[in-house]
Amino acid sequence: MATTDDDVLHVHPDRLLPADPTLRPLARELYESVKDLPIISPHGHVPPQWLADDEPFADPTSLLISPDHYINRLLHASGVDLADLGAGGRELTPEQSRRAFHLLCEHWKVYRGTPMKFWFESVLSDVFGIALVPSERTADEIYDRITAAIATPEFRPRALYQRFGIEFLATTDDPADDLRHHAKLAADETWTGTVAPTLRPDKYLEPATPAWNSLVDTLGQVAGVDTGTYAGWVEAMENRRAFFKAHGAVSSDHSHRDARAERLDDAEAQRLYARARAGEITPTEGDTLRRHFVFQQARMASEDGLVMTMHPGVVRNHHTPTLDAHGADVGADIPMAVEFSEALKPVLSAFGTAPNFQLVLFTIDETVYSRELAPLAGFYPSVYVGAPWWFIDEAEGIKRYRRSITGSAGFSRTSGFIDDTRAFLSIPARHDMNRRIDSAFLAELVADHRLTMAEALDSAYDLVVTQPRKAFKL
Amino acid sequence: MATTDDDVLHVHPDRLLPADPTLRPLARELYESVKDLPIISPHGHVPPQWLADDEPFADPTSLLISPDHYINRLLHASGVDLADLGAGGRELTPEQSRRAFHLLCEHWKVYRGTPMKFWFESVLSDVFGIALVPSERTADEIYDRITAAIATPEFRPRALYQRFGIEFLATTDDPADDLRHHAKLAADETWTGTVAPTLRPDKYLEPATPAWNSLVDTLGQVAGVDTGTYAGWVEAMENRRAFFKAHGAVSSDHSHRDARAERLDDAEAQRLYARARAGEITPTEGDTLRRHFVFQQARMASEDGLVMTMHPGVVRNHHTPTLDAHGADVGADIPMAVEFSEALKPVLSAFGTAPNFQLVLFTIDETVYSRELAPLAGFYPSVYVGAPWWFIDEAEGIKRYRRSITGSAGFSRTSGFIDDTRAFLSIPARHDMNRRIDSAFLAELVADHRLTMAEALDSAYDLVVTQPRKAFKL
Amino acid sequence: MATTDDDVLHVHPDRLLPADPTLRPLARELYESVKDLPIISPHGHVPPQWLADDEPFADPTSLLISPDHYINRLLHASGVDLADLGAGGRELTPEQSRRAFHLLCEHWKVYRGTPMKFWFESVLSDVFGIALVPSERTADEIYDRITAAIATPEFRPRALYQRFGIEFLATTDDPADDLRHHAKLAADETWTGTVAPTLRPDKYLEPATPAWNSLVDTLGQVAGVDTGTYAGWVEAMENRRAFFKAHGAVSSDHSHRDARAERLDDAEAQRLYARARAGEITPTEGDTLRRHFVFQQARMASEDGLVMTMHPGVVRNHHTPTLDAHGADVGADIPMAVEFSEALKPVLSAFGTAPNFQLVLFTIDETVYSRELAPLAGFYPSVYVGAPWWFIDEAEGIKRYRRSITGSAGFSRTSGFIDDTRAFLSIPARHDMNRRIDSAFLAELVADHRLTMAEALDSAYDLVVTQPRKAFKL
């Protein structure tokens, strides 16, 4: 291939820092102070097996495209078939894999202005040292160079974990999981990182879904408890939480359609549980019991101390034909409006000032930032405003987050950055984007004399180190 | 009149471009690259008769004030009687017309910071060459100079169409319209522009409204179909869509209280249709049938290929006494919260990936930008995020649009600018404002190194040319 | 104490003005033109007794911390017990008072980026001349210097009122209040300021609450009217409104969960009123009657001319244990989503163009700015968009307000700034923050050529003087 000047990828050291001549040097000083600090990643979706087994990655597409629904969805919107990208766990032949990579490169223009462009360019440039703009012309060369790189020891998962400066990495795991990969890492004396599991019990809390009874059977078997009764469900869940905690878990993660958590009296909980076990529960009763289950998770959290993270308000699998053809998590989830103030009143009245309880609230409905999340976190010692998440985890969204949150919650009530990604190689770029934008925001506060530079430098450090440690009890 | 220095209107060439010394030259370069490109106006309310007949405009007030509810509403809020402005189609005497123009000029201050000021100043300066700030002192001179100008051939509608560089102009038309003005233009060999009709069937889709039965009778007569049955309604509507398409229509336009589109089975549709035809349908049933009708419009669109545009969520005729005195569309419509994610699930599951289907979504509830519209358009190949519309079609609103949309939808999923105006003379100013703000936004992405200047120049062109052509199949 | 360089508080004269080198001098010129104009404070919570009796303030904590729920809530979120701050009117011993002040100073860092930092630093620096950054190290010195200052005549309430340049100050008062403090001030020939009462009848409009019957009994006694019947309630309320007006009131203030105001026919109002008086009204009926009561307040306002202010949409006393332990208004109120467009349709159809009626709408749900409030105020001559309030009365919130409102409502439909505070000493700082941000916003409009500097200077003056006078009929 003959590349041209247009093919050269320039990754500017000041990218995402404000252009204003007063702000740029301030932002740069702040960013320089935090850019090389270790990465704390308290919530994400990297498969623990990658680090446990430390096998080489298979090919560029299955590493960078197939599992990344951010990348896939915009290609789908541009007319590409998800099947051609290996979405939904579909295996691709070597030819198909190369073809998928071409599809991305040919459509590179659609990512302009999106974080996917920033992340992907950072991966190319900073992880692989490839200074090429993706295009039809450069696709093969990029593909070949990545293929060559991931065959080397320096690109094995553990080597990258070290090179990325990751200090703590949480995975997301089913309550019935045996956590063998986490155990293997813990038992490996050559491994010096920390990979912690996270309990994600959503499916076990939705009693009106078809799979629920079989899931709860499995939960009982794994926990060694009879889940035929409500008391058994509680005991099994407490048992699994303890098991996760023993394997290093610091949090449980929850995502339902709404944020409601409401206690039933025991008799009503037992009655609805029995109906659910009999397969007779209605969808409305299912919601009622689910909200009680979520309340119980909060009660358990106040006792065992696992941090509770919530990110409600998503219409999952919006496009039924896509669900049927490719399964879940391929980019067809769409946000919806969400409400926290009323929804969380019962659970916060019960546990909002409990010493052991911590609740990190994520949203993809930005309207709740200044209206609900910052006021809640600005009053309750247990509540933290989670980082911008998913559709709003991009440069402008992160700016809006700080601008909306800080007035009533300051910095000390925020969680620090969460990458929430299964795209392992993009983790440094995601944290880097956030550090740049937070530095830009702090620079503004210095430039208009709301903070001294000493205060801003201190807060920049806090946002990267102190806040995630505090919010996730690290 | 003796004018003073204060009366001189300065229309700065860099208006709306960012003040920042780094950004301004970048924005100016981008703006220069697109400012003279032809105007594509795929949705608006200019009367086609103006261009078909090419008669001179009558007077400044009936041209610039009476039909413009943006102008009228803020004068009304300032205590002016709508009747004095010729709102609602009321004819004014020459004295009343001049008096109305005075009222605008006397209240000129209330438009500070609004787009009306930008548009009107652009019209004065760029269309008429009148460099006077409107005021009590200048009102007569401005009025007289406009009166003189519109009497000349250069200010006839067709001459202005050419001078404005309009390439495509869509009007908004009743399904029963005979489109004679469009036909006249098409048959006129001296006319080189394109004026396309747009099907606006709202009234025919609201079976619980008093006028519905008579409208559907008319529809049947015009279509030559018996609309006594549901099947007749469908056939008549398909017939009219084909008629519009044959006359150059590229889209149908839809505005109901909500965005829901939900299919009924045929028996239920027939049952409700029969009740509606008998005048017995309840408001709730009327909503149900209307949502089915909207679903049918989408089904027809997936077959005939007319682009579907939606702009739901308005409390029409908020002030009952104003409706009674002046009729609809005089500035008393007020936006309300709207929901797209759930509402569009059925119709997008059915047609979201259909090759012929395209859906452009407009909103005046900005909360849906990052939460619903950008995620929808970032997944579905059929969905485009429409331009900021109505109350948010102003400088700051357009900025918020790009900042909220781009992270998950990029540029390629957006519709390009829509002026949606009946104020013909303001069309260039409206497109110009948008080009300036888009240039400013792109300049920011260049300045903080998210885009190269070459990428930004390419995207600036796309936003003016490629995107409207793609979204509206031009 | 040995203070260090780090302890020196620098309060920069340009704080909150934009850093951009083009904008800063423009903003400074605008700010300079308004910074020393008198303060109009048409809504707030300063106790009138302070000014009537003009006693010295007791101690720094009961002056600056205990009554300020902005300060308290973020300390509570940081783990401080509200009891230790004297919240809820709890008396503190001198030792406890000093300890509370230490708690604030030790946690000073949590206020970074919040308006509380700006306000408190302005109070320290501008009111007390204390150039010390609060910290564990400086707490005693600051406490002692404030203690000494407030013992002097210069720091008596009336002296501060004069020194602050306050021209008009409204308090918030119960309808049954005898307004003796206002009467005392009015009768005092040595007093040249204006302290007006504001009628806050919320509790008398909520017939389903436990205290309502007893409150309405009292209202009847104070008014000399039998409130056993609905007609009596109306007469008593009209009577008290007249009494307030006679004592200088210019407005009534209303805060319920929603913004609805809906007329019942007399028979239904009488029926529900009788049920309420019998203690038999249901919560749903209570809402219905309350909405009628609010409608009646609007009807009375259209007759007696008192301006009506509304700020709905708050979950009051979100944390039940805090309410039980400390009472209301200690920082545990949390905003919720609110709707104005539909809610106000009946009352605005009835009174929206009535010559005597004025309605100022406040929100803590920012989504309604561009969607509902600006469109309403941009049409109805009676409606003004109130200032950013409570959680959004901070620098970024004020910026968002202007950016969201101005496009459709301009400046002339806004209320001017409202401090709404019981923190008397922070009144100048709060108005100052707003004047700075408004100047910054106007500077942007000048810099990108939307306004001339002459227009901006004129509008800056209007925002401080003309608009509050117009909105509150001063």
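Letters A, B and C name the chains as they come in the text, with residue numbers starting at 1 for each one.
Following the convention adopted for this analysis, contacts are C-beta pairs under 8 Å (C-beta built on N, C-alpha and C of every residue); 3 or more make two chains touch, one makes a residue touch a chain.
According to UniProt, the chain labels map to these proteins: A, B, C = Uronate isomerase.
This one's a predicted model, so the numbers in the text were calculated from it and none came from an experiment.
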item	value
Self-contact between copies subunit A and subunit B, residue sets same or different by half	different
Inter-copy rotation, subunit A to subunit C, in degrees (Cα atoms; steps of 5)	120
Centroid spacing, where centroids are CA-atom means, of subunit A and subunit B in whole angstrom	40
Numbers and ranges of subunit A residues touching at least 2 other chains	20-21, 367
Touch list for subunit B against partner subunit C, complex	6, 10, 12, 14-21, 73-74, 76-79, 109-115, 117-118, 315, 318-321, 331-332, 334-337, 364-367, 391-392, 394-397, 400
Complex contacts: residues of subunit C adjacent to subunit B	20-23, 339, 341-342, 345, 348-349, 352-353, 367, 370-372, 374-381, 383, 403-404, 406-413, 444-445, 447-452, 454-455, 458-459
